[in-house]
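Think of it as A, B, C, D, E and F in the order they're written, each chain with its own count starting at 1.
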Amino acid sequence: MPKTNKSAKAAGKTVPVKASQAMPVLRAIKGGKASTPKSPAKPGPAKSAVKPVTAVVADDAPVISLNLTPAKLSPAMAAYFKKCQDRLGFVPNVLLAYAFDMAKLESFVAMYNELMRGDSGLSKLEREMIAVAVSSQNRCYYCLAAHGAAVRRYSDNPLLGEHLVMNYRVARLNKRQRAMLDFAVKLTASPWSVEEGDRERLRRVGFTDRDIWDISAVAGFFNMSNRIASATDMRPNVAYHGQAR
Amino acid sequence: MPKTNKSAKAAGKTVPVKASQAMPVLRAIKGGKASTPKSPAKPGPAKSAVKPVTAVVADDAPVISLNLTPAKLSPAMAAYFKKCQDRLGFVPNVLLAYAFDMAKLESFVAMYNELMRGDSGLSKLEREMIAVAVSSQNRCYYCLAAHGAAVRRYSDNPLLGEHLVMNYRVARLNKRQRAMLDFAVKLTASPWSVEEGDRERLRRVGFTDRDIWDISAVAGFFNMSNRIASATDMRPNVAYHGQAR
Amino acid sequence: MPKTNKSAKAAGKTVPVKASQAMPVLRAIKGGKASTPKSPAKPGPAKSAVKPVTAVVADDAPVISLNLTPAKLSPAMAAYFKKCQDRLGFVPNVLLAYAFDMAKLESFVAMYNELMRGDSGLSKLEREMIAVAVSSQNRCYYCLAAHGAAVRRYSDNPLLGEHLVMNYRVARLNKRQRAMLDFAVKLTASPWSVEEGDRERLRRVGFTDRDIWDISAVAGFFNMSNRIASATDMRPNVAYHGQAR
Amino acid sequence: MPKTNKSAKAAGKTVPVKASQAMPVLRAIKGGKASTPKSPAKPGPAKSAVKPVTAVVADDAPVISLNLTPAKLSPAMAAYFKKCQDRLGFVPNVLLAYAFDMAKLESFVAMYNELMRGDSGLSKLEREMIAVAVSSQNRCYYCLAAHGAAVRRYSDNPLLGEHLVMNYRVARLNKRQRAMLDFAVKLTASPWSVEEGDRERLRRVGFTDRDIWDISAVAGFFNMSNRIASATDMRPNVAYHGQAR
Amino acid sequence: MPKTNKSAKAAGKTVPVKASQAMPVLRAIKGGKASTPKSPAKPGPAKSAVKPVTAVVADDAPVISLNLTPAKLSPAMAAYFKKCQDRLGFVPNVLLAYAFDMAKLESFVAMYNELMRGDSGLSKLEREMIAVAVSSQNRCYYCLAAHGAAVRRYSDNPLLGEHLVMNYRVARLNKRQRAMLDFAVKLTASPWSVEEGDRERLRRVGFTDRDIWDISAVAGFFNMSNRIASATDMRPNVAYHGQAR
Amino acid sequence: MPKTNKSAKAAGKTVPVKASQAMPVLRAIKGGKASTPKSPAKPGPAKSAVKPVTAVVADDAPVISLNLTPAKLSPAMAAYFKKCQDRLGFVPNVLLAYAFDMAKLESFVAMYNELMRGDSGLSKLEREMIAVAVSSQNRCYYCLAAHGAAVRRYSDNPLLGEHLVMNYRVARLNKRQRAMLDFAVKLTASPWSVEEGDRERLRRVGFTDRDIWDISAVAGFFNMSNRIASATDMRPNVAYHGQAR
């Protein structure tokens, strides 16, 4: 398939961004050793006999349902993809989806990292909890799979991940975290109805005004990402499903 | 008021980001001449006698209802604010709102400019039309005021701006633009329900897959911005209301 | 066009009620001098050169999308139309829309005037505020344009008009007016859920039972008018858009 | 009780509009013989022994939950009330509710009669069908009871009345009437979404543009009445429940 | 018609479950005398002349819109149908609808009787009140007709039945019953939002935890039945409409 | 803990149905060896060191939030529980929840088994797919966990389970199964709107009328179970989360 892909590009045809398609890019970055992401959920040999990898991939490929030609990665993005590959074992599909345009990819990565990994009064787990609760309200498959895994990983509590994916109200949260998710979900479902009383509820459980900005910005960001993912039929890396169960 | 503000900052107290408060920052940039934005909707002398500027400002101040201390503008952002001031006559309040943190401000500005002014199969007017239709669905005051003005300006058709603010279905659009807004509004109201059929409808009126990405990304972006604006009670610059009527 | 119209009527054909079509009626009333309503939003000569009146009218004509023949105005209605023309500079399009049937026009005018201009514990501005908040909930273009202008005019506060058009929750209202609009909007969105507790909230901010009737009747009336306007694609007079900015 | 009522009025106290309260008015009209409306649903003597009239009245009294003093009926309204009493055996409670103000009562009666009994391409039954379908969407007790009875009476088909009260989609309607109710219910539930395609659907089953106006106006009227009834907790005359079963 | 039906079955064709079709079954039970259910709402001879029984049946036949062959009744079910016939004068159509499969019919009857007639802290009337409030939220014609009649019968208060069918909020309920219906309707409309606070509200008005189970189970059961009835277009026995008016 | 529980029961106090509480019952059935359900998702020793079982249980215990005393299992139900324990390794919590009353437990088990395991034109997998799609619409944690696992197991496709839990529209289904889930979800979200056209769509993809009954009955059943689970805060067995990943 790399071959086909190459010739398609040579012929000037656009081709869909598929997980498999991104491999040549990764290969270049990694020095030729494109490792197929291992599906960590199915370790047993008996089972993988029954359901070969190709069947699974068919369910969640291509990465998006738009026919966009991957661009050449900028040096910064090539380095970033390599870092993902090294740390996670794969490049998150959302990055492959954006990789048709370096300016878009870079502004997405900059905002994402600033929000989710930058300095904040919210812990990384709390930011991921907002991501999942918002994505559940919007029923976004990509973000639920990817960030549900992150909640399981950061919390070391697989149940919490499932609670937030299915209905955050069943999670046994402290007052602070419950207020945080109530605000994020209300902001998602009916942004027009958020008023000073809602901000006051956050302050009463100890959030600063800067924290309120961060809750709002993370909730806002996933309202954007959920929609881009749904609009393009974005598919999560298979690896997420089995992480930290 | 600048004086009061300075002493508050000297005392180490955080102060809310207000239109008036941003002035010292602008003053520094502009060399001390903080011009009050003129309200272009009320040119007559008789009227401004009846309703002085202070009354109007009271209705839409401060910029946001969070108490955040403005940070020192980075050189890039100082230059950008100056450019806004020169071109528009004011710095859009959304920038003042983000100005408590340079990393956040810069990633917002980068994404915004890439999306709304970068290369695209969608005209700038079309991107602004999406912004307004989405913001109307979400009843976002800030974005309706600011981008409603942009639609009036880019289209040179004040009615179109009003149509999109009030109910985009009353606008007399061609098939392409109607399909574009139908997609953006469905993606806003029920993102989970967007499927291949919806993308097909866009392709049938001539949009490429790259265009579909751009429609989705602009709609997604304003679903983010609408929520940050509602969550923080962000107020538009008064100047927008009278532009291009 | 008056000529065409006349001959169409002579031939027994119904013709759509258009702004232009109403002119012969007005001409008769006014003694032959049918003045085109001036668009007050665009006073400058430079601009009207760029965008001629015909372009604007094409966006908001005809008055309704039903093909109804104007009836001969009754003496009372002819006098009323003349009064409108004299006072406002134009006859509101809703009256032209009803003018195919004198009984309907007269009962509409009677109810409208009794409600909006008759004796009440609510000020005229408050009644217009209800009209706009209800029409915003129902996203009714005609009523938002016409009554948004009325709020700007009566309040001498253009921002208040924009707030109510876009999201009444952003307006800085006193408790009485906020309770009034909360009641009107709840009654609009889910009338089945209004109960004694809702009436009590109005009484607590000082409204009498007679005032509660009036709030309900005005909110009810615009729930009717919004639907007739949406059902018939009713278009507001262009003049409204620029009033009292 | 008439006595009590009189003295209350003499003392300048406002009293609630109750069914019982309207009796003095009716007495004057009828020459002193205020007949208690017979509950036609319970003709048997055994049963009325078990559940006396007072128990039933307690469930649906007073007429509204606002404390409004009945005004003196104008001659026109006194005649109209008498006509109701003679023809129906009672004065509909909605008229008693409005009877605190003659101008309001008269404009309501004029519009109601013009719409529901005036000349139209819609039969009286069809207009009542719209009234019930709209009132069911809005879950309006008063209008469902009163106009449900009217549908049973005009159609001589008690099942049709029940269908429309409970879910108009179960009624076995011809295409014309189904399209009519689909339009009226859509206009009720989401007026902003009604467009030319909806009008075209009505035209395709034979409705004229004048008919479309009438469907819209009746649907609009009950969207008003439903809200006034819900806002004031208006209670239907007990007699309606048993009519035409 | 029994004859036709018989020959259809002889020919091995499936036939829809209709009221008329169930007659042979009933005939066997009753010893050959299949009595047509009398429409109790129309006792007068004058009226039935105008609207013959066949017209009424046409509006609510067949029992469901699925073409299912009635199975041979098991002895237990034959006895149960006979008991219904003796006690009510007819077999409820829901039982005829399930009678194509004895296992399904028996499990439905067992659960229904356990829930609605078994031991409970809720009175039978209260359970029927829940049934109607839930069915009104779901706009289920079958259940509103059948259980609306049951509320009228058990309460000996026809108004209560109408209130619950049309909008339970207008019923004059004590705190216990209002809290019960609020819980049941919230559980119907947004089950995901029910939490400990909702259960606490029930406990505060005196319900035990066992009662809360029963309220939930009855509300749950009618959320099932409403959907089976709507999915199959199930029609209630005509007799219900006139009961206990 | 069994000891505490015993003494509580000896003292005549009701105790909540908890996973731990059900153990004595299971112990009796199994001859004294109450095996703690192994959490199959966390096989590694390193991890269980980090997060002990008690922490996990605290997140999903007790089984329900109602304080109900377990009844003595009837012989049939004791045998059924033993069968569950043998086959699944645990007794599903929903059965423990119902075990306070044998009549309720038995009617639930009878209906459940008839529907989900009885003869049908729908495969067991298809019935589980309906269960999950309905439960996702209703955001029911218990049913999503338990039946999501069943879909993964029956389909041998973990992705399918995740798709249906998160948004069934992203699953790559054939036309038959997509139509089946569209019907079930519409019936869940707006049962009043299901009509003959919806049944026709099922027939067109090959479903018989008997199949339509079964789709409706399964969808109906989970609309019941979802609500009982949400009303009682029912918690799934931890084991489900890791099954068939």
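Worth pointing out:
Following the convention adopted for this analysis, a contact is a pair of C-beta atoms (placed from the backbone, for glycine too) under 8 Å apart; a residue touches a chain by one contact, two chains touch by 3 or more.
Please read these numbers as outputs of a predicted model, since none were measured by experiment.
Traced through touching neighbours, the fewest hops from subunit C to subunit E number 1. Note on connectivity: the fewest steps through touching chains from subunit A to subunit D is 2.
Over half of the residue numbers at the interface between copies subunit E and subunit F are found on both sides, making the touching surfaces mostly the same.
Counted by C-beta pairs in contact, the busier of A-B and B-F is A-B. Computed from the mean C-alpha positions, the centre of subunit B lies at a distance of 29 Å from the centre of subunit C.
Per-chain CA centroids place subunit B at a distance of 48 Å from subunit D. Among all residues of subunit D, those that touch two or more other chains are 139-140, 167, 192, 195, 233.
The part of subunit E that touches subunit D in the complex is made up of residues 41-42, 47, 50-51, 55-56, 58-60, 136, 139-141, 144-145, 156-160, 162-163, 165-167, 170-172, 233, 235, 238, 241-242, 245. Here subunit C touches subunit A in the complex through residues 167, 169, going by the rule given at the top. Subunit D contributes residues 14, 65-68, 100, 103-104, 106-108, 110-111, 114, 118, 138-140, 183, 187-188, 191-192, 194-196, 199, 209-210, 212-213, 215-217, 219-221, 223-228, 230-233 to its touches with subunit C in the complex.
Subunit C contributes residues 192-193, 195 to its touches with subunit E in the complex.
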